[in-house]
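Input: a single structure, listed below in structure tokens.
Naming follows writing order (A, B, C and D), and every chain is counted from residue 1.
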Amino acid sequence: MTRTDREGTTVEQSQRPGWLQHNAYGKSRVRLSKVTRLKDRHDLKEICINIQLEGEFDSAYTRGDNSQVVATDSMKNTVYALAADHPLTDIESFGKSLANHFLGTYKQVTECSVDLYEELWQRIAVNGKPHPYAFFGAGDEKHKAAVRATRQAVVVESAVEGLKLVKTTDSEFWGFIRDQYTTLPEVKDRIFGTSVSARWLYRKENPDFQACYEAVRKVILKVFATHRSLGVQHTMHEIGQAALADCNELSEIRITMPNEHRIPFNLQPFGLENRNEIFVTTDEPYGLISATIKRNAG
Amino acid sequence: MTRTDREGTTVEQSQRPGWLQHNAYGKSRVRLSKVTRLKDRHDLKEICINIQLEGEFDSAYTRGDNSQVVATDSMKNTVYALAADHPLTDIESFGKSLANHFLGTYKQVTECSVDLYEELWQRIAVNGKPHPYAFFGAGDEKHKAAVRATRQAVVVESAVEGLKLVKTTDSEFWGFIRDQYTTLPEVKDRIFGTSVSARWLYRKENPDFQACYEAVRKVILKVFATHRSLGVQHTMHEIGQAALADCNELSEIRITMPNEHRIPFNLQPFGLENRNEIFVTTDEPYGLISATIKRNAG
Amino acid sequence: MTRTDREGTTVEQSQRPGWLQHNAYGKSRVRLSKVTRLKDRHDLKEICINIQLEGEFDSAYTRGDNSQVVATDSMKNTVYALAADHPLTDIESFGKSLANHFLGTYKQVTECSVDLYEELWQRIAVNGKPHPYAFFGAGDEKHKAAVRATRQAVVVESAVEGLKLVKTTDSEFWGFIRDQYTTLPEVKDRIFGTSVSARWLYRKENPDFQACYEAVRKVILKVFATHRSLGVQHTMHEIGQAALADCNELSEIRITMPNEHRIPFNLQPFGLENRNEIFVTTDEPYGLISATIKRNAG
Amino acid sequence: MTRTDREGTTVEQSQRPGWLQHNAYGKSRVRLSKVTRLKDRHDLKEICINIQLEGEFDSAYTRGDNSQVVATDSMKNTVYALAADHPLTDIESFGKSLANHFLGTYKQVTECSVDLYEELWQRIAVNGKPHPYAFFGAGDEKHKAAVRATRQAVVVESAVEGLKLVKTTDSEFWGFIRDQYTTLPEVKDRIFGTSVSARWLYRKENPDFQACYEAVRKVILKVFATHRSLGVQHTMHEIGQAALADCNELSEIRITMPNEHRIPFNLQPFGLENRNEIFVTTDEPYGLISATIKRNAG
């Protein structure tokens, strides 16, 4: 096969119908396990990292000139190399280190985004004691972080994602609009199932990221369990306020909660009584509710 | 079990640490099949719809007062009811109808977002002729649309998502930065595998949505096949320019393409020659590249 | 459109090239949540059920005669109706009840298989105490059961599936065959990551299913943590023997464990020392190892 | 940390409660792309391979003695090395080559299973002509094969999996059992949606695998489209008989088809007429039906 000549595809940019308004590129799903071998135990950190760079990369798009391009393979190498010398006690500070590295090393980079999540491992208990180097997986729930850095500023967002919750009572939903499209009955005692995603920003530059994460997660569990819910919105707002109250380092928190419906199965056609005990578990459709609670000024 | 009294959980808002800066809610994954029974054939449209409303819903969050709340179950009902009277020739105009409905019916709604995607079904050919009512599924690729509407303006974005492509030559990658983190060799003949996501906006209010979708999809296939690629960025830019050239109704197009690496497997340890034929197919890590090409003014 | 006449598609069976050697049908993914409202707490059971019937259903296949067919929709109804009157303390006995029901009610059924799994929910701790009705999800791990019943016999198999484990030392792999296809180095200290699936059969008809499940799960965790592993095979065998030793009611256990490789990342090209700390987490390819350990006779 | 001595975990097998009844191990998800560079075009084959070996591997389990163990990493290497010299025109014959290799090379192997599937790529058409080296992905549907080989015999099974189909009429379901658990109405005109899995065996050792695959796939499409269905069972049987009739090399075919329900949405509460046009697309629960059609003797 012959190829078309390279010049054949290059066209004067001024003749093109459009211009390159925005671009970004990077490496996704760089997966890293780091073992820190201490005297009395091993620590394990398993992280998945996505990197995106923005900057003066136009010529790679418009002319196939890669002279300003950091290969995404090199980004991957950088993640492992930097992890070797980083304590990795929290994903947020590792994300900041990565962003600083790319901004500091390559002048054509004007913005660097690093998204990370951590697989949650817990120590196996053997005879009631946490084992020094054996762990079990804590499910799909993730601790996430997103770092957006320019040479002027760094914004860190942390998150709990996929925290699955259900309560079997203390949840109501009534008083909503009834019109021609309404068939849902009002209910004073329903099952409330959800999977919480909560993301928050910080008031200062170097908070104790890990402590904040643990505090927010604890607040979510407690408020979900103890709040008398008049709707997903109602509980979500209470969680957000409680998170700001308990975690002084947060400036705002954004919470998203699906309403994962358990629908009462009607037993009457089978000669049985409906006692609010038997439900159809459903995945779709689902309600999806979100709110941002921002700390009051002053 | 006794419950805590409702008043127990209600607190004066002025005493809370934060305020409700933003909220939104709606129904996700409302799945609809519509059969249009014509004289000589049936048409089938299978759509999945997500709706989100924004507006004056604060009291549901802060007080559990649902009097302004349209139940998400009612949103679901509305989708099916409106679909009964809508021709559903394209998902974009159905999304607009839904958004108009919610804005027009409920004065507390200030913004309505409708995200839709269409499962792609193709007619089975029997004896070389398209069958009037039997279809096979065209895979994971989706036709998507996103409608964002307020009382002042409507923005429609259309998309091709998950269009899987691979070419086995005419793809190079060299001339990129070589520094201490670079181990990737330069390559003049590599496999280029990707899965295109392209989203575009329109110059006018009522374009021929379905024709634009088909034209963009065709451009992507053609440019991917025939463009001599010096990088994912290079090909992506060419696709974007060609889409603006071929589809006059587009105002801008944003393209995202992963670089789904096929890595040459080194056969030398096994006494075999490397002839650029045998590759390891990988899912992760992957490069991720995006660009927005905007039509020139005038 | 006109249709072909029904008779048009019916053909004398003796003229067909083949015969119906086997058939089965049923309902899959019937999802049920049951709340048992006790004085001091609620219990929650969330189960997914698959049912398959075998028997004299040939005419439905060969002639479209459904007179012997129990609609799969009726099977779904039956699950919810029977669950209303069943204590649901363990999924195995509920599976047996369902199988007995179908065999007892429909004489054309000769065999009934019921596969079930349970989503694992744990009580949220509030102020150190388990909450009476609020739960969090324990991840992807499942408790499964498979009941195969005829009018003569019932076999119950129970399982732990998706128990994710990793240990950061005490795992070796060496002494394996080295030939022309071998490039893997021997290693005296590697990471051992896996996701255990263990299925077991019982020696008698009515064991304490829930106690056995908990005992097997505990054995897996303990042996994985404490066994010095010379290979996945080695650890798996030890788990199986220990399960038979600790759980007297088991007759055999089949264990399957992937080897979810963490591959040391070579830091030398970047001027760094390899200290067995930095690994690439991978999903594929993966080793897959299984064994059945059967209790000795006598 | 000190380790327990290796001898500490080795126990006399005669003292263990059980014995190793069965074992197997291998490598899963070895993913391979092969480009065959012909004069006028490139052919692309993208395959995922799972290998399992059975044989005399007991000592690896019982004693951690790996001297008979072929490392799964070496199996992976073998796949790529053998692919370099294999034409790869069909996955079945490559699976046979792999099985023969392991049985022929390692005397401790008594049985080798190779499961393969092929990603389906189609040539992009440019100006109406198939492009020589650019392809688009044909979705989730897979061509699969399973080879089970001992030194005495080889059995090859081929399969179509995930062929998604829907027809909007010519499907009925009535005349089934009505009893206390039945709420499903009889229906003379329903949507029939499914995803066909068909697996077949061969009458002779070296059939034209690729031709059989294409013939079976074609039969499925044709019969699904043209058969007047009185139930999933009815259509499935017809497909199986037609496959045996059209493909003389098949000895039997096993078909599995879910009934992916589209449920009529009741529009009457909204003052609209039900015209059998608007359906709720559902994933679960679903019917699951299977049958094996075996060729008549003689």
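Methods note: contacts are C-beta pairs under 8 Å (C-beta built on N, C-alpha and C of every residue); 3 or more make two chains touch, one makes a residue touch a chain.
Just so it is clear, the structure is predicted and the values come from calculations on it, not from any experiment.
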C-D or A-C - the one linked by more C-beta pairs in contact: C-D
Distance-maximising chain from chain A - centres being C-alpha averages: D
Separation of mean Cα positions, chain D and chain C [Å, integer]: 20
Separation of chain B from chain C, taking each centre as the mean of its C-alpha atoms, in whole Å: 35
Euclidean distance of C-alpha centroids - chain A vs chain C, Å: 30
Numbers and ranges of chain D residues touching at least 2 other chains: 1, 31, 77, 81, 133, 169-170, 181, 183, 226, 269-270, 283-284
For the chain D and chain B complex, residues of the former touching the latter: 31-37, 42, 44, 46, 48, 77, 80-81, 83-85, 121, 124-126, 131, 133-141, 163-170, 191, 195, 221-222, 224-226, 262, 265, 267, 269-270, 272, 275-282
Contact set on chain A toward chain D in their complex: 1, 39-40, 132-133, 180-181, 183, 269-271, 283-284
Contact footprint of chain A on chain B as seen in their complex: 1, 3-4, 6, 8-9, 16-31, 50, 52, 57, 60-78, 81, 105-106, 169-170, 173-177, 179, 181-184, 226-234, 236-238, 240-241, 244-245, 252-254, 258-259, 283-296
